[in-house]
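For reference, chains read A, B, C, D, E, F, G and H in written order, and residue numbers begin at 1 within each chain.
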Amino acid sequence: MTQSIEVESRTHLDDPLVIGGRTFRSRLILGTGKYGSHLETVQAVRASGAEMVTVAVRRVDLDATHEESLLHHLDPREFFLLPNTAGCYSAEEAIRYARLGREAGLSDWVKLEVIGDEETLLPDVEALLVATRTLVAEGFTVLPYTNDDLITALKLEDAGAAAVMPLASPIGSGQGLLNALNVRLLKSRLSVPVVVDAGVGTASDACVTMEQGVDGILMNTALAASDRPVLMARAMRLAVEAGRAAYLAGRMPKREWAIPSSPTAGMLD
Amino acid sequence: MTQSIEVESRTHLDDPLVIGGRTFRSRLILGTGKYGSHLETVQAVRASGAEMVTVAVRRVDLDATHEESLLHHLDPREFFLLPNTAGCYSAEEAIRYARLGREAGLSDWVKLEVIGDEETLLPDVEALLVATRTLVAEGFTVLPYTNDDLITALKLEDAGAAAVMPLASPIGSGQGLLNALNVRLLKSRLSVPVVVDAGVGTASDACVTMEQGVDGILMNTALAASDRPVLMARAMRLAVEAGRAAYLAGRMPKREWAIPSSPTAGMLD
Amino acid sequence: MTQSIEVESRTHLDDPLVIGGRTFRSRLILGTGKYGSHLETVQAVRASGAEMVTVAVRRVDLDATHEESLLHHLDPREFFLLPNTAGCYSAEEAIRYARLGREAGLSDWVKLEVIGDEETLLPDVEALLVATRTLVAEGFTVLPYTNDDLITALKLEDAGAAAVMPLASPIGSGQGLLNALNVRLLKSRLSVPVVVDAGVGTASDACVTMEQGVDGILMNTALAASDRPVLMARAMRLAVEAGRAAYLAGRMPKREWAIPSSPTAGMLD
Amino acid sequence: MTQSIEVESRTHLDDPLVIGGRTFRSRLILGTGKYGSHLETVQAVRASGAEMVTVAVRRVDLDATHEESLLHHLDPREFFLLPNTAGCYSAEEAIRYARLGREAGLSDWVKLEVIGDEETLLPDVEALLVATRTLVAEGFTVLPYTNDDLITALKLEDAGAAAVMPLASPIGSGQGLLNALNVRLLKSRLSVPVVVDAGVGTASDACVTMEQGVDGILMNTALAASDRPVLMARAMRLAVEAGRAAYLAGRMPKREWAIPSSPTAGMLD
Amino acid sequence: MLHIDVNGKRHDVDDGRTVAGLLTDLGLDGRLVVVELNRQIVRRNELAQVTLEDGDRIEIVHFVGGG
Amino acid sequence: MLHIDVNGKRHDVDDGRTVAGLLTDLGLDGRLVVVELNRQIVRRNELAQVTLEDGDRIEIVHFVGGG
Amino acid sequence: MLHIDVNGKRHDVDDGRTVAGLLTDLGLDGRLVVVELNRQIVRRNELAQVTLEDGDRIEIVHFVGGG
Amino acid sequence: MLHIDVNGKRHDVDDGRTVAGLLTDLGLDGRLVVVELNRQIVRRNELAQVTLEDGDRIEIVHFVGGG
């Protein structure tokens, strides 16, 4: 009896993440690049609890006789695959990749990247807006990777983006959330979900990012470049849940001075 | 079959926390002060997964006709109760409270506090060393609350402390881990467990503290002064586990520039 | 003799700041808004050592019979006046204000602001690029206020901006340099001067900003909203010079452990 | 006329630093170890504006036929020399060095160090208190190097220390001010001057340290291990003055959102 | 009598009044302000040539403190 | 009648009353409290042996929530 | 014999070969790849209808791990 | 001949040599150094009075750069 009540109250702790009409219980989205093997990829995804994973669209390697397909390991019936346009440097190129990804027949979703610079992999927000508008008009569910600029984020929302995905810090840098104020700003002003994408380096980065109130986090290198990716995947699952719960619970106020935890009354003479 | 293998591998992820010969699966220790009710205290303790909780020694209030005992709610067979010497301002006073706590018959453990200043509740480390030596000689298992000074910590270890418990920031301040370097220093030089005690304000504070490699965290106000203590307790349980797992997994290196997560080869012409 | 050599070496410590062919000895640029009086404005400007100050273009208040002109206090022969387009929310509006400012006959320079949002005063970088291109084509020396996005900064440079002026944090927020990495990135990739504009709150913010290697800082509220603006102006002059000198001197490496400053040899028996 | 008034107002901006009855115009104290040469030492001291410099007491090297005395370069009539007890690991040893330093006949001042650990050079505060009490009783003016613990600082003051000198971070580490809260705490509770000693790495560290309200800073490695020590010395002079002025001026409040610097009224139709 | 708009407010001036004349009426120094007539800037050396017409919209601006 | 001090307050008990008896008078469960008599702890198994004397100072403590 | 370009490399196929036939030749599963012919996507249900012509530029892509 | 220890090294001096004499032998300026004899400081004005004895342990120190 107590058990069932507790289970019920647990399910009411938080609403699920809804993007583009699709519901996700996990607020963690995983990239699948740079793991040691397909097996490690899948183990990490499983340990992370992620339901949505990103994939890239690339040429089949015709010289590799028996290249095993990623889809043999990441069953699209178990995981929701989100094709990205990583490596695209113009709106046209990104649109081309998005269309190819959709043609695979899994969904009309795309993680839209239009990169502006090879060294930093920062987005070209002008081109990103152009590509977002085109793809939304073509019926895509567009999740654009962008920087942490509020004005661009508002325009992406206006352009029909299903979520806005600002970076925490550059892709693969592991610098963590460099500008928490900007991310809070975005969250406070957007109606669509805000998913922080890129830059998270370790569990506390994920935790502090979720504490800003954002709806989810997308990460890849923090797991793949960890010494033990599967264990780090588990750490990230816990950290995202921890940060979300702490956000919902409402933290204590910070104070400059101390306040005792034990009663000051009742001391002996 | 897979299930049992997974369970086994999980148990091998980490060694349990051992203090004074006693083993704890949870690395989170909870204070029990300042909750709204005994019921909330117990719910928070349960949600946190803590096995050890601190209690204070205070006069029975003879005017309260039916003061319900804390022990009715926190069954000593379920939780390991750790009496503290909170509110004591001299070695003598702390020793007196420690002896009274032991007389309750639950154990010979004491969370030893010797406060040096009412405003900041910072420890008087000279007196703390004196009290530690005395209590160790009397057979106590002493867990001293101290500041983040390595030299004092080494002396406490020499004096026979079963663990050393440096603060993250002042008691009840919620400022988080102000000096991560000092805590790493302590951990790298001590043989006994290092449990960070006081100052954690929210889940990411707990997570980042565990990522320094320490053995555990003791907290109270972060839960009790949260808007929803039981939910924050859950957040803290997850955060401590997340930080521990991330520490064990080994984080990716930080870089100033970006590294792509998707392959750079295989792009279309 | 030594004296003259030392003087000479001092003058070689640093090159002056050159923007749009104009040379400035001071790397501090001051806004002139929100001071208590014209007199305080001028005293603060003098104490800051700034040679360039920004001014806004606004309607003459026809109801104020004897409104004293700012130019009576800030002699354009002593200070280089930089008209801004503050308060403009479109490229067209900003261009209109820029033209009015130029018509005053002091110079063809403009601090170009195209604001994207009233609450945060963050720039609309799409419109900013449009306005920059137009004004550069009209012969203006354009100093655009922008966010800390490298890609936008590179496009502004391509568009002919004479300097690029990224924010440290929102205008008037006093949050300091929130994303030092981004500012270092901009500096490392741009050929035109990088002047951090907006967000500096106190002297250490200015100092740490200059230590990133940027060419100058533009500030206003940090002085005007200080308790003692003229003294804060002096603090800012010193802080900008200190940060610049430290950048040029090259800081010591950070280490986790200690290294003695006094010889370890020569101790007594 | 204006000139003289301004000069007068400048001198009233701040009171001089007074320690042990001695007045210093500069709030920067310099260590003299680890420079490339005696000449560089003196040039750096001159560029820093420091009036007080520390020196160590060491055996004369009898094998070095013509070892030039440091005092030939640092004239005690120009600079106030403060002997230290660096390298001492017990109260007895520190007291022995302090007496030797006094016997040189320059003053009865001592920068008292009692080191507790070779790797971190952190102070042994128990022994430091013992040595302070002894040396104060012998008539010394004692400036103890200590950690950032308030309780120890209060005891040092009670013991008669002429100033209390907490570290910012370990000696020679260049980590900057790791725990600003503790340093503010010390300053708010002590009557004797608080001089932050050790750990400052670059100009902004010095600036932000002074902004906490402390009375001065003692540094060495930040200059000696800079690429250009004399230029860094100048940076530090400016940074200390900047931080002091900003502290006295009173910084603007921080805000999460923006406030325009230019008038919102008077915009065109 | 002409009805014009100056800085957003209705203003009446005599027929044939020039922009320079308007500034004089308003007690403004033509060297310290810039004038826009129906969204076009009036160059300073043309202030005395341009005559106002009914319905003209005038903006007179100057520099104020700003950041 | 004895005048003793219990937890800082004056308290009167009959002559020959033991500490255990005092606890009973106060409605306290001896297994949940610890008693100090004149700064010396009274072991639980001695509560019924120790008789109170005039001027005794008694402290009766228990565990409460604390951090 | 036709000379076509597949994923950036010269490839020879027989006259009249369809895209589906090409995939078979290459040992690829048409359900796991997407084909672009001269910059136009070939829908999966048309793979067997479209015949290749000399000089055609073919891109055959699939999903790989990416972030 | 006396065998003494100066700054940790064996040193031989003539019988009856004073500390001041030793400093002269070593080419040191008595105003720039401080001397400890068997753990006792020798005041500067006593340097010429104190004669050395066999087995004496001398420390001669001065100021060097330090932080």
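Quick notes on this structure:
Following the convention adopted for this analysis, a residue touches a chain if its C-beta (ideal position, glycine included) is under 8 Å from a C-beta of that chain, and two chains touch if they have at least 3 such contacts.
In this text the structure is predicted, and so the values were computed from the model without any measurement.
Minimum number of contact steps separating subunit A from subunit F: 1.
Across the assembly, the mean Cα position most removed from that of subunit C is the one of F.
Should one ask which of B-G and D-H has more C-beta pairs in contact, the pair is D-H.
Interface repeat of A-F: among D-H, B-G or B-F, over half of the contact pairs recur, by residue number, only in B-G. Subunit B and subunit E have Cα centroids separated by 74 Å.
Per-chain CA centroids place subunit A at a distance of 31 Å from subunit B.
A straight line joining the Cα centres of subunit A and subunit D is 47 Å long. Subunit D and subunit E have Cα centroids lying 62 Å from one another. Within subunit A, the positions touching two or more other chains are listed as 31, 33-34, 56, 58-59, 84, 86, 96, 119-120, 122, 170-171, 175, 181, 220-221, 256, 260-263, 266, 268. Within subunit F, residues 8, 36, 59, 61, 64-67 each touch two or more of the remaining chains.
Listed in rising order, the residues of subunit B touching subunit A in the complex are 13, 31, 33-34, 56, 58-59, 61, 84, 86-87, 96-97, 119-122, 170-175, 201-204, 206-208, 211, 220-222, 224-229, 231-232, 234-239, 241-246, 248-268.
Those residues of subunit C that touch subunit A in the shared complex are 116-117, 119-120, 122-126, 129, 147, 149-152, 154-155, 169-170, 175, 178-179, 181-182, 185, 189. Subunit A contributes residues 260-263, 266, 268-269 to its touches with subunit F in the complex.
For subunit D in complex with subunit H, the touching residues are 31-35, 38, 41, 54-60, 62, 65, 69-71, 81, 83-84, 86, 96, 99-101, 103-105, 171, 198, 218-221.
Only residues 6-9, 26-29, 32-34, 36, 39, 41, 43-44, 59-67 of subunit G touch subunit A when the two sit together in their complex.
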